[in-house]
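Next, two complexes with subunit A in common: one pairs it with subunit B, the other with subunit C.
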Partner chain A sequence: MTDTIVSIRGITKRFGSVEALKNISIDIQQGEIFALLGPSGCGKSTLLRLISGFESPSEGELLLDGNDMTALPPNKRPINMVFQSYAVFPHMNVEDNVAYGLKMEKVPAKEIKERVAIALEQVHLSNFSQRKPDQLSGGQRQRVALARALVKRPRVLLLDEPLSALDAKLRDAMRLELVKLQESVGVTFIIVTHDQAEAMAMADRIAVLESGTLRQVASPAELYAHPADAFVADFIGNINAFDVQQISTIDTGVALHIDELGVIEWFSEPPSTISIPASSEDKVEATLSVRPEHVSISTTIPANDQVSIEGTLGDIAFQGQHSIAEIRLDNGRSISAIIANDQALILPGANKQLRIWAHWSINNMLLLPKKAPPL
Partner chain B sequence: MFGIKRSSNKAGPFEYSRKWSLRSVFLIGSIFLYAPIVVLIVFSFNDSRRGGNVLWKGFTTKYYGKAFQNDELMLAFGNSITIAVISTIVSVILGALTAVVLWRFRFPFKPLYEGLVALPIVIPEICMGVSLAMFFSAMGWLSTGDTAWPFNLTNIIIAHITFSFPFAAMVIRTRLQSFNREMEEAAKDLGASEFQVFKDILLPHMKPGLIAGALLAFTLSLDDFVITFFTSGPNTITFPVKIYSMVRFSVTPEINAASTILIIMTLILTFVALRYQRVDS
Partner chain C sequence: MQDISGKKSVFFAFSAPTFIWLTLFFVVPLGIIWLYSFGENVTITKIETTWTLDNYRRILEPEILQLIGRSFWLAFVSTVICLFVGFPMALVIATASFKAKPWLLLLIMLPFWTNLLIRTYALLNILGTRGRLNDVLRWLYERAEQFQAMLGLERLNLLGDGFTPLTLLGTPAGVIYGIVYVSLPFTILPIYSALERMDNSLLEASMDLGAGQLQTARNILIPLAMSGIVTAAIITFIPALGQFLTPDLLGRGQVDMIANVIERQFKKANDWPFGSAISLTLLYATFILLALRSFYDAARSKREGRM
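Moving on to the complex of A and B:
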């Protein structure tokens, strides 16, 4: 049983003549971690500021628990935010920082003390209550910001790029810790991030935004396996995309004409977002893609049931658990394949001009429109 | 054997403090700047009737006693302190408000307003002095000195506020540049009203700027001569103006003593302000 906690309905936000958000509608469920993901300038931070109340929408409305909160100022919304810079008050110690929001609420001093102690306990900062922010590390300052927001017992906690200011090792640790914290307090988290790995690792559901439009809302696994279009597929993980030149109906499905791969028979219905043109002259806005982890390489001609393409072996980048091989196609384009390290070790360097075949099963391919209509 | 070998005689390319040429420039510069002050202080203890006497006639502190018993000098000193305190308080309040308005808001003709605020800093003091004197005379506000203290000093106080509040505004505005606007939003997000944000977040951030601004305004007021000279009346003499008139009459070690007191006061103030700022941060 899930309840909608925040409902974004037909929100449009204009700054002068620029449309930062175009008719966005999302329902966010009670108790989930929801990520707003997109490249910089996609409008994700604007959307977060709209939810927090620091911006007001040009059109549309925002509901919290079914009640309209579009006109409420930020200090009247039961929603708190962890800012990108953390914005910890430098002249107050940790305890006073965390207590500040409760003092504004005029909570009795005794209760403030208890709730602050609990909040500091939750973020493992009990021993640091008398420290000033300049005596804390970046990770600890972030915990102060978290405790300061959570102590208010908000209905929703907003996090603006929560991990971007931390170093790589700490970032991974904090990802897990944030998820654990969310599970223990049960507050709905809305996270803004440009890092797809971060969104995939933490979120229950992800909304992908691109230049002010909503591309897709789905769980991480769903986004990865069934991206709505080529933009989402490329943004979530890496992908090797081949443009489809022509598409024609055959008995069992469709035939796809691709310059680089020849004619590929696709034995199922293409997605409804791809229109099959009546004339073969018309341009087709579709791509057939395969993810690098599904691509294998061999020095001999692969079996017939595989889709294959010939090329020259390029650079091999060692990644730790695996290696990424670059295959230079004869038309000048490159595709990539994830290969095992032991295979990478026996392959020669890029200067040897080794001819190889990249191949994969057609079942691993994604037939996607170049751009799906926005949600 | 793994230690870094370095020559102890020759200065490295960036070891400026070890270069003899730069050291001597520094030394000569320091002497030119501070020798007159040192001489002034030393000769305030010279047991000679003439302050301009460069011959050491023995140690005495009697001129300090004389300076303290000089009623006119002490009255001038009291006037100076009164003017400095009042003009500092008003300048810092005006300066802070100006700084916040210029930093926070956008409004029509803002560049013009910014220029006008900075004007008293750039226009020559003599022009300020003459224009203020003409203004007060046109308004019929000339100091007669017969109104009650401290209202007899109103003209000078107004003049001092005019030239010192732009300095305070500039210092405070510079401080505001380093304010992280997310801090203001964070406070509002936690439930603070506009006024609470100002009181709890912005004001503590401004504090070092307010102290520096106050210090600047106080010293500017305390040692101002030109503008004060044009706006003071016969019975409202300030310390620097009084010293000037004493010098015209005759140079005695008493003037050295009085000047030394002024220097020491400024030093103490600076020290206290710096100390306060350090504790604060």
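Moving on to the complex of A and C:
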């Protein structure tokens, strides 16, 4: 068991009548990269600002190394932040920006010089120390913000959408660089992002938030393989979801009645978050899903051991490494499949109305509640 | 859309009103004043431009120089006070909730909609020896006296022999009070607009890096608002220098500024050439100030390395 560094306990934050966060509890471990992931407006930034001290919670408390820091102002917390806008001071050169926090700490001038030089080296900005911020690119400005925070040797570094202002190419490079930097300095990172790919690529653990509630906290692999509900599954990657109309218990597990797929036998315990209704009249709040990357398409009837559905081939979108094919079901809904480019090339266009089968193995399916109770 | 400025007739049609306006109300009067300033009174009503420099030479007479000096001094002190009072007020407005902001701005602008003369008379009522300000001070004095009696400390006579009302009218302090009062909105608005534009996360970043509120104000807030502060200082100082009504009414004729002297030349003394020369000198001083401002801006952007 590793040490908990930041402990968020029952935090609720209200802005007037808006409840931005509802009873959130998370323990963040020493030395990990922790991502706060969720759609716009779900409260990620608010949570980050609570940890940094710019907002105070309406309810609940924040612990750092087991000590209550709820009442501590931001300048007294050993936590630093990289702002979404970077907030590099425009009237100071790079060196003065990075030295600012140490000057405020009254670190001796000689030590400041040394530490600033090291920090600038870490972010590859040694040659830019005399530049003013408006002579730097967006990526360089972000590194200044990073160096300026890291030079303080914080216990925790908070990053609010650190990569969102960068272009796609730079973003991928910076992802790796941030992870490497974190490994070398060993500081705990808490990263806010609405980009699931970013969270998956960088984080050790991810907290998924949705409109102020915590849906799930888990490692990227765990989130992908065992999402708590359909919302998380759809947010982490994509899913093709089929509504379950009825569940009945059978000897070997449960039978799922799905309009589009027929009756599917599920040979294991359904998740405890799905309640099996006593009567067949009751509504079932569950979906059976499959990710597009597990769906194959063929022009002939697939083998019996596969779950399959017939439809018409729709548009095919070229994505680079692969293509995404749309399968239009006869009831008007569409599902998608990720297919190899080779296969995409020999398929006709949507106007040909080609009849095809989408199929996948039942082992790749996820039986999920539509909405799990918040953590 | 077509480039309308490219068509000569359209260009003239649109610029004619501006051109006529500028000529009629700016160039012509100023030109007349300029000619007068090199002129002499030949009769009571007739002035002849003789290109004499006497009018300008007379400005160098000690009593006029002293008046100019006093004007600069009063305007300077008023500006400094305005900056110290106006900055926090601008800060309050800039950080106010977005509901409160328009109301606060309205409060700042409200005096503009009242006639200056009326406002100045109102100030007379406040600042006089029997004015409201002294009423408040007297009330405070009496309370303090009672308190002293309650503690049985009358013998120490800490409060002096009795309440002496503050004399503000007819003193530089009264005039400064008046100038500060009329100038404050001019000081607040440019500073407010500079603060308003500032990215709030810069201040948060400073706090995040360990600076306290005062350090953040000194290291980040004020330097970044500096161009607004300089604008505010100039926009306060220039009208303050030319104040006429305030020294006239609140100064009781004992704290004259340049404008009062100019007025006297045009009216009582009937010495328009001399009045014109002083007016133009004031105008030149203003131009010099504005030139200094643009030098400051140029130097600043060079320092900040915009090459």
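The rule we apply is simple: the second predicted complex is superposed on the first by the 374 of 375 C-alpha atoms of A that agree within 3 Å, B and C clash if a C-alpha of one lies under 4 Å from a C-alpha of the other, contacts with A are read in each partner's own complex, and residues count from 1 in each chain.
Quick note on the criterion: contacts are C-beta pairs under 8 Å (C-beta built on N, C-alpha and C of every residue); 3 or more make two chains touch, one makes a residue touch a chain.
Computed from a predicted structure; not experimentally measured.
Aligning the two structures on subunit A places subunit B and subunit C in clashing positions. In the superposition on chain A, A:135 makes contact with subunit C only, not with subunit B. Of the two partner chains, neither subunit B nor subunit C is touched by A:373. When the shared chain is aligned, subunit B and subunit C each come close enough to touch A:91.
Overlap of the subunit B and subunit C interfaces on subunit A: residues 52, 54, 73-75, 80-81, 83-85, 87, 89-91, 100-101, 104-105, 145, 148-149, 152. On the side of subunit A, the complex with subunit B involves touching residues 52, 54, 73-75, 80-81, 83-85, 87, 89-91, 100-101, 104-105, 145, 148-149, 152. Residues 199, 201-202, 204-212, 215, 219-220, 223-224, 304-306 of subunit C are the ones touching subunit A in the complex.
Interface residues of subunit A facing subunit C in the complex, by the touch rule stated above, are 52, 54, 73-75, 80-81, 83-85, 87, 89-91, 100-101, 104-105, 131-132, 134-135, 145, 148-149, 152. On subunit B, the positions that touch subunit A within their shared complex are 180, 182-183, 185-193, 196, 200-201, 204-205.
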